[in-house]
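Letters A, B, C and D name the chains as they come in the text, with residue numbers starting at 1 for each one.
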Amino acid sequence: MKPYDLKIISNVRVSERYWHLKLDARPIADSIRPGQFFNIKCADLAFLRRPFSIYRINKEEKTIEFLYLVKGNGTVHLTEAAPGEYLNIFGPLGNGFELKKEWNTVLLLARGVGIATLAALAQEAAANQVTCIAVLSARTNNDLLSTEMLERLGVEVYKVTEEDGTSDVEAVEKLIENLLKANRIQAAFTCGSKRLSKLLQRMAKMVHLPAQIALEEHMGCAMGVCYACVCDIQENDDTHSVRVCREGPVFDLNKVVLK
Amino acid sequence: MKPYDLKIISNVRVSERYWHLKLDARPIADSIRPGQFFNIKCADLAFLRRPFSIYRINKEEKTIEFLYLVKGNGTVHLTEAAPGEYLNIFGPLGNGFELKKEWNTVLLLARGVGIATLAALAQEAAANQVTCIAVLSARTNNDLLSTEMLERLGVEVYKVTEEDGTSDVEAVEKLIENLLKANRIQAAFTCGSKRLSKLLQRMAKMVHLPAQIALEEHMGCAMGVCYACVCDIQENDDTHSVRVCREGPVFDLNKVVLK
Amino acid sequence: MDHLQLGVKIGHLYLKNPIMPASGAFGFEMETLIDFNNLGAIVPKSITKHPRGGNATPRVCEVNGGMINSIGIQSKGVDYYVKEILPHYERYDTPLISSISADSVEEFAEMAEIISRESIVSGIELNISCPNLKGNGKAFGMDAALSYNVVKKVKDVTDKPIIAKLTPNVTSIQEIALACEKGGADALNVANTFLAMAVDIYTREPKIGNVLGGISGPAIKPLIVRMIYQVRKVTNLPIIGCGGVMTWEDVVEMLLVGANAVQVGTASFINPTALPDILEGLKEYMTANGVKDINELVGKVNIKHNQVESI
Amino acid sequence: MDHLQLGVKIGHLYLKNPIMPASGAFGFEMETLIDFNNLGAIVPKSITKHPRGGNATPRVCEVNGGMINSIGIQSKGVDYYVKEILPHYERYDTPLISSISADSVEEFAEMAEIISRESIVSGIELNISCPNLKGNGKAFGMDAALSYNVVKKVKDVTDKPIIAKLTPNVTSIQEIALACEKGGADALNVANTFLAMAVDIYTREPKIGNVLGGISGPAIKPLIVRMIYQVRKVTNLPIIGCGGVMTWEDVVEMLLVGANAVQVGTASFINPTALPDILEGLKEYMTANGVKDINELVGKVNIKHNQVESI
């Protein structure tokens, strides 16, 4: 982890509420893993940095990409950053997803901008000939991002939205049940929705499916010193506090306490 | 006085430390007088507005111009404002110079960016066939601004600088003495230097020359309500406090108390 | 938007809306800029009994997220105020609140008495943040007994609603608020500026002629919001929130933690039409969110946990 | 730049330079980012005697010019600290200052005693901003007698230099500073965070899980500068300035008003290499301005007028 001034290659709107940011990553020596994140100084007018997962790592052209939802002060100003300018990003931070060698087929369950986080994983899975089945949930079809990119990677994509009335928890539960029946899914990954994470946690515990979650929490330092970003991990009968920025953001879904 | 969002026509560096700003003034209905000023919101990152005298009023092309010294937080950020963007300026504020009908020849004594303030007056004088003799003082010749513009207006310009060793008070006193002898100067105007203002005050009192000064003081509201920008006026034996932004910034040099 | 109920009550005083200027950041010089009839109240700069010159310049400086000022209550005295200042506001139907500063408890009472004779004065705001020169020089508002005394003595001589403007430079704002309530205050203003200082590292001189000054602007809003919240917990008196309001969002935030109205000071220096702009924003917010009566918002912050009041 | 004298003394403690981290905004996780040997001191997060869970999330939020935090001193207890945290710092030759928090005067003394046994500990900072649970729940540092007591009891059980970290949420920082001096404090830290609050107007929930929190960052610097100035006027004890330092300019400002050293907290969240960057800036400033010894700057603010200490 280090702060870097990276040149902006592009920063464009990709849907109503989402933007895509591409940076020249040549200065970064560390290797970057899917699930890791960077803490980005969005603008002078946004005091704190903002954490964003790595969305795409392009090793050949040495670029990194982020997909971000325009939400408040920081991201609104981030949209104003222009190609050619430099952005100060701090990272890579935290621990990424673990993709075990023995897994051939995995399930991705993402909602909203959580897709950004799992897209990086899908990319790695594809490189390792792991089959990915993705359930992507969003408010509207316009919000359903990266489906084409995922399909190009060979991911089998299922889309559910409020718009189409297909995204309620019951419907998603049914869908996953069917997917679990039809495929030899060996692990699951989720990001972006508390509701869906709880659902997946329940289902994974039931069928003893290894599962990982990328969590979000408000951050101060993003480097493990301030204890702003804690969540609880339950192992056997012991509950202990961990830092999302340091021990996470990826945790064993079967152990994390979802409030 | 009103706040206006004015389009920036140009914003360019004109010497080492000075910048020139030109705005589309079409939205401004009020007439603007030399000596008046605007309070400019330089940037989001500079909290308070900054006061700048009007440097040039172009009635035909409906533009106004400012000449500013890059000094601190506000002006540093002002240099980043790009043509096409809008700048929020509040004004016109305060009272301008008084150029009496009966005056045929006047003396301008300016130092540094004080030249900006007197340039607008020279422009008006030229339009009214009043002869201007200007003594311009600066640190370096590079800092000596607008001499060409003034000469084009027909102003007789005398330059003094530290660089040339010609700008000390004694030398300027000698120069003005000679100018007063050689010309029928009926009024004097000054801006930009406490030292030179004191000199001119002393000389003007001695020879009973009408004289005006444009003062600077740190401002809060710039509209006369906060009493941040006060200075003292001495009339006969009475000293009273006035507001630079409201009763000024132009005052009778013979009455103002120069600290 | 026509059916929005924006009126609020500050004791017996009815304001047509909760947005008013803060003392010291408003004057009739703004008459051409904004319509005073659209203000909740008119609050001219604090006055003193006798004419006063004010402090050395520079009297203001910029800091991160705000400014420091030390004007020193430059005032032409109460007689001038009654004769020359008040008449300017006669043509408006907006209630006028006179802010008064004094050097002693007695002087506060004397001034309140003089001011109360003026029918145009609808309320009196006591600037108890000013130093008690007959005491140890500390502000009245830094001491509960003194604060009580000032309010009590003033209440004894006037029937006008009294607003005590607290200083935030205290260990317990609740204690001072309660003292003022006990003294008979009809409302509380939370609060005046925080004592602050800035130094120019190159000249090594304080950026304010008077060395110390009061910091205002958005930098102090989180402290003021906390204080309004704390004061609301111990009293039902009307609270006027003041400190760092720049936008209508800030007004809503202060109402949610318990303010009944707000004052806008420094914002007018940055945006001279801040007062009407904030009122417009507030109306749009109410319309968009189905808030029919502004009073519905007061104190409606949603506190879920039984929180500990420490850091 | 090699001949610059940057060393400062905090009581008997010699620091090689005046720049150190603020407790709670530093940890050995930063080891790969900055060279701890270049710090004036190492100041780990405050610890409590027994393990403690900390407060509800969200624990931080952004405000204009700063942030609010309410971590709640999440701590694994003093035993874990001694066994697991302190050893991390053994390989550095930088003095380590342990920050301790406690619920009662007695507990402060107990903890100081335990910590004092560790030779790696060069000094103890008392976080007297935490609430006194055996009393009325107010912070120790809000009461002069309690502050005196904490310092005195701790001094009785340890020979290590004691730094009292004051809370700024008081009417008179001078009074508390003097009480700590009388109790035997070797130095004063001015100061901890200001109690603050922010509300999300759309959810109507406090932005901090614990409702209230402490505001840090540039927004509070002018208040802290004022307090350092005030404390310097009444005591010759070494002062560590803390609050809103983002750049070397801020350090110079604090030194000029009387600080002998400074702590940097929030700045490290914005710029993770703030600590070394500030030190470099300071050295360049000294070189450019012919300041050979950093101590030359202390208290050198140029006060021309006989100013009044009111607003």
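Here, a contact is a pair of C-beta atoms (placed from the backbone, for glycine too) under 8 Å apart; a residue touches a chain by one contact, two chains touch by 3 or more.
A quick note: this is a predicted structure, and the numbers were derived from the prediction, not measured.
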| item | value |
| --- | --- |
| Chain located farthest away, centre of chain B as origin (C-alpha) | A |
| Separation of chain C from chain D, taking each centre as the mean of its C-alpha atoms, in whole Å | 33 |
| Chain A and chain D, separation of their C-alpha mean positions in angstrom | 37 |
| Chain B and chain D, separation of their C-alpha mean positions in angstrom | 47 |
| Where chain C touches two or more other chains at once, by residue number | 63-66, 69 |
| Numbers and ranges of chain B residues touching at least 2 other chains | none |
| Graph class of chain-chain contacts, one of line, ring, star, complete, other | ring |
| Touching pairs - complete list by chain label | A-B, A-D, B-C, C-D |
| Touching residues (chain side chain D, partner chain A) in the complex | 24-27, 29-30, 32-33, 45, 53-54, 57-67, 69, 71, 74, 217, 268-273 |
| Of chain A, residues touching chain B in the complex | 44-45 |
| For the chain C and chain D complex, residues of the former touching the latter | 55-56, 63-66, 68-70, 72, 129-131, 137-139, 142, 169-172, 192-199, 201, 203-206, 209-215, 218-223, 225-226, 229, 244, 249, 252-253, 256-257, 300-305, 307-311 |
| Complex interface listing, chain B residues touching chain C | 1-3, 41, 46-49, 73-74, 90, 217-231, 241, 246 |
